[in-house]
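Shared chain: chain A. Partners: chain B in the first complex, chain C in the second.
For the complex of A and B:
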């Protein structure tokens, strides 16, 4: 809807006060109430409690001590905690950049062969990882990436035996390896979203471009990508959040090891709260993580909105 | 999309939301009832499970058949008792223990490190039962690790807060066929001899030691602690684990041990992918004959007897000097009773039964593979001498003679294993830490965790 029509509708509304006294308005609230109560109890309350806990030193059982913002100080000064935040940002490259860029290329290719059976097969195969639970994906990939796994067997087969290693147990490759698992999982989602977006693009645009002598690359850059601004924004938002809030894949594949090289905030929060029993510090890290996710997701939304105007 | 939420309306929503949040006002932990320390309430006569039907709740570890075998036999002997058992992985039990003990107290529970549970008054003080059943007359070393001072510190003395289903032992398992290949006719008697065998295995193309060290489980702590016991006395290591004031892991003999481990990693005595190997992978490789030695515990004896009959041997870690004292990590398979358990008497009666009943002791050895707890002169089931279980049981007697029982360095605090030993041992393997840095870091983490408590 355009801003103008929305503004017109708002102008026709009665003042809120009368609306609330109106029994029909009350009925409206009644309809919303179940969802609102669920939202308050299962979303707002936990967030508020987490924020409250973050101000205390508490082991989850006994009495607690008020420590104010000290736990937040710890999040940014304790190298173990801070490094986990850095790792989450490194994962964005794998969870976001690869699926979106590769997804664009694959979607563009599939669109060109849209009529063939191959397109259907490709779509299905690419989307399959989305259907598999992340835990199963993590287990399957930790077998593939093991020192005797298929990846190393293939490398040896093509004469690259020298680079084989336990990918998830090596300090240099563990983080990229879990990143690749994430990329594999999210690639299908991005491809499908982008493909859906492409089907909405007016074919006349391509025709016009071709008449003007544009090649495939030109079409892609000047028509496809700009038209997909919304879809790309959704992909980037979803995948950035998946990277920052990652837990399952890493918990299964490396548990943060070796030597904390794959430690991410989600896992760190879990360890802090349930192994070290520092509920306060865990909550502080959780709040920081939430703020970071919002801080990353909001600009992407604005970017998408600007494109719409 | 244009904004359509009017400020006045969102105000109403916020008020409703805040109503739901009202419960969040009190300080965390303040409105839940705090368990009180249970005193040493004297038990007049040894309690029993009575004769009326009774359901005892248990919280056991998945993957270990011993507790189930024991409870089944117990019900056979005491038909009025039925069991309501919940099982979880040990890691899950570790994470859940405080909340489960506080909210839904089981009568009998497999316990992780107990210091913090005692500090929060979540476990029943068993001194009364110990007196009534005569547990205090058992060899003191069996119960030492389960005794805690007031507030949970130090461990090793004070009131009894848990009991073991048996007493497990660790050392070195070896593959007899591969040992013969490298000319090892009997287990090494000194550390130098062990080094020699390791070197021979390496040059013969056999992986000298199979160990796990991946994920959040730093299995190199096993050889490290064995090396510590080779180079120095067990006492100071126990003091550190028991959180005695002033105890440190960073001692000269422990440094020698850590340097020796570093030497082994640099010599390539472990698998190349050790930082990606978990416990199950290590076990399957050892059973498949992929390596000569494996540092592990006698809870696998029964399993190895079944999976590689006649081919698995066991030896204690040799001392650095010929004829020196031997020591081993050996600890009770810890079970405790929740402070607010409904059927505490029956659970205590069960624990006593496990240690004293003839059939229960047989099950403990056959299925558990470890020495049963109980009086020194209690019935000891016979085991065929060619079984590895026989060697581990015999080793248990040797350790008792040398007074060399140590708890596990991973049990010093609730988080020391996952948060300090594991990442730092993984770094040692990768050459990112020296032996000295390893000990310094672990000691710093230990101090920090004790201060945090």
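For the complex of A and C:
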């Protein structure tokens, strides 16, 4: 990060370094090696193997046949597989858009009371969804969203008894319902991240804006949002990755059903590889997923970095 | 001042509403867990005869004692090794600036956003060939590797800000690189290390995918993985399932409440850096 020129650094160090063995060489590498070995064996090697498997048709036991890019063709033409990718993108609306937009609104509203006792309690409470296993969140929400669950009870209370249903079992509502679980998990984190960012904004900016007669909305658009560029980028990155790579919540809440309406790539890979024994197709989908995640994460990072310069 | 007072009140109401929404699932789990087992309680209703016995029964059914031990063993395997290796590598890349540091760092950053589903298939065959399927090592070893990008990234971010003069003077005094690392830099890095430890603990404890793919026996899984199996087994007995879920999420909750300041700080920093 800090662009110190390496040449100047070594020159400055040489008198000491020559007395010892140079720590930038062998000794330094001994410090890196163990971490690198774990990384290579359990991450880099599997990534390479995923690429390799994706070129074969293999049931995991017998002989494998080279099929070239055919598995990728399948990912994009087989409606079941392609829909899972589409679903992952639809989930972004719930996992990212709702927590970030709502989080911004909430953080802006509670900014003034951020130091109050209530806000300190809220900090703890809003973090709970981040701390518990996603599996537990899935179980709790499956029950809340069941036909006799609390959500339907509340809806009936306010006179909306007509729309009650088993939200996770309905073809039309299952995906939004799963999305709401994700929004619940991520809203607190986004709100607190944005709030922490807001506390770093110079209050003088707001005073100046007030003097110029700016209203709350104008303040929000011209001061708050631009100053939070970095934090917003972080929230978007974290939540988009959570949406694209979602697994735990959906495995517990719907297992991809009803039909295939909530099937996501992560779950599809799991089924393909370990239930249907189509390792090649599973790997092709895995490669597509990895590429998608990087393709979404990188531009957001660049966007955030540019703003800082 | 009137507008700002009104704003403060809107803020308070909003906060309370938000907290209510956050707590609702927990409340629902708790109330439902008190209903007689085998019934389908409707919504949020306090039972006439609270069945506190559901908790000990779920403790038995979920084999909680074994689970706690198993999760603790897995955490003890993953967290210390990840911290030691991540700190050493972060030190070499961020402070010593070994030859090729940039390339290595980029290589680690590459894995930062990796979805675990991307490597789970080859990982299964690799662990099988190593003869480790159905052992806790099947979760521990891959997790160390999978968390390594973050650990290195995190520790490098700390070491890169350490002034070089610190090391120069220690070396003048005749310290070798290991002593420099162990006696001077590790003590100074303690805040970064403890935040990293908290995050790694949480991610290990809640790890689900690796547990269900690589270990069949729920008693050798993480808490989270075991909860999946518990749902499969007791999914029809809603009150018992709710009681079991509550028990299984209690340990992280307790640890969170004990160390909440560190947690909140670590999680906020963690997502900012990640």
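Convention: the second predicted complex is superposed on the first by the 285 of 309 C-alpha atoms of A that agree within 3 Å, B and C clash if a C-alpha of one lies under 4 Å from a C-alpha of the other, contacts with A are read in each partner's own complex, and residues count from 1 in each chain.
By definition in this document, a residue touches a chain if its C-beta (ideal position, glycine included) is under 8 Å from a C-beta of that chain, and two chains touch if they have at least 3 such contacts.
The structure displayed is predicted, hence computed values, not measured ones.
Visitor: Per the contact definition in the header, classify A:63: touching chain B only (first), chain C only (second), both, or neither.
Guide: In the superposition, A:63 contacts chain B only.
Visitor: With the two complexes superposed on chain A, say which partner A:49 touches: chain B (first), chain C (second), both, or neither.
Guide: In the superposed model, A:49 contacts both chain B and chain C.
Visitor: Looking only at contacts as defined up top, I'd like to know whether chain B or chain C touches more of chain A.
Guide: Looking at chain B versus chain C, the one contacting more residues of chain A is C.
Visitor: For A:168, select first, second, both or neither according to whether it touches chain B, chain C, the two together, or no partner.
Guide: After superposing on A, A:168 lies in contact with chain B but is clear of chain C.
Visitor: Considering only the touch criterion stated at the top, classify A:277 as touching first (chain B), second (chain C), both, or neither.
Guide: In the superposition, A:277 contacts chain B only.
Visitor: Where does A:41 make contact in the superposed view: on chain B (first), on chain C (second), on both, or on neither?
Guide: Touch status of A:41: both partners.
Visitor: Check whether A:124 is in contact with chain B, with chain C, with both or with neither, and answer first, second, both or neither.
Guide: The second partner, chain C, only.
Visitor: Figure out whether A:265 sits in contact with chain B (first) or chain C (second), or with both, or with neither.
Guide: second
Visitor: Touch test for A:110: chain B only (first), chain C only (second), both, or neither?
Guide: Touch status of A:110: second partner only.
Visitor: Touching A:223 in the superposition: chain B (first), chain C (second), both, neither?
Guide: neither
Visitor: From the superposed pair, tell me which chain A residues show up as contacts to chain B and also as contacts to chain C.
Guide: Common to the two interfaces on chain A: residues 1, 6, 16, 20, 36, 39, 41, 44-45, 49, 53, 60, 274, 279.
Visitor: Can you name the residues of chain A that touch chain C in the complex?
Guide: Per the stated touch rule, the residues are 1-2, 6, 9, 13, 16, 19-20, 23-25, 27-29, 31-32, 34-36, 38-39, 41-47, 49-50, 53, 60, 106, 109-113, 116, 118-119, 121-137, 139-141, 143-144, 148-150, 152-153, 184, 187-189, 191-193, 196, 216, 230-231, 234-235, 237-238, 241, 244-245, 247-248, 251-252, 265-266, 269-270, 273-274, 279, 282-283, 286-287, 289-290, 293-294, 297.
Visitor: Chain B touches which residues of chain A in the complex?
Guide: Going through chain A, the ones touching chain B are 1, 3, 6-7, 10, 16-17, 20, 36-37, 39-41, 44-45, 48-49, 52-53, 56, 58-64, 66, 80, 146-147, 165-171, 254-260, 271, 274-279.
Visitor: Under the definition above, what is the set of chain B residues touching chain A in their complex?
Guide: It comes out as residues 1-2, 4, 6, 8-9, 12-13, 16-17, 19-21, 23-24, 27-30, 34, 94-96, 98-99, 102, 116, 119-120, 122, 213-217, 271-277, 281, 414-415, 418-419, 422-424, 426-427, 429-430, 432, 449, 452-453.
Visitor: Could you list, by residue number, the parts of chain C that touch chain A in their complex?
Guide: Against chain A, chain C makes touches at 4, 7-8, 10-12, 14-16, 18-19, 21-26, 28-29, 32, 40-44, 85-86, 88-89, 91-93, 96-99, 104, 107-108, 111, 113-126, 141-142, 144-146, 148-149, 151-152, 160, 164, 168, 171-172, 176-177, 181, 202, 205-206, 208-209, 212-213, 223-224, 227-228, 231, 238, 241-242, 245, 248-249, 252-253, 256-257, 260, 263-264, 267-268, 271-272, 274.
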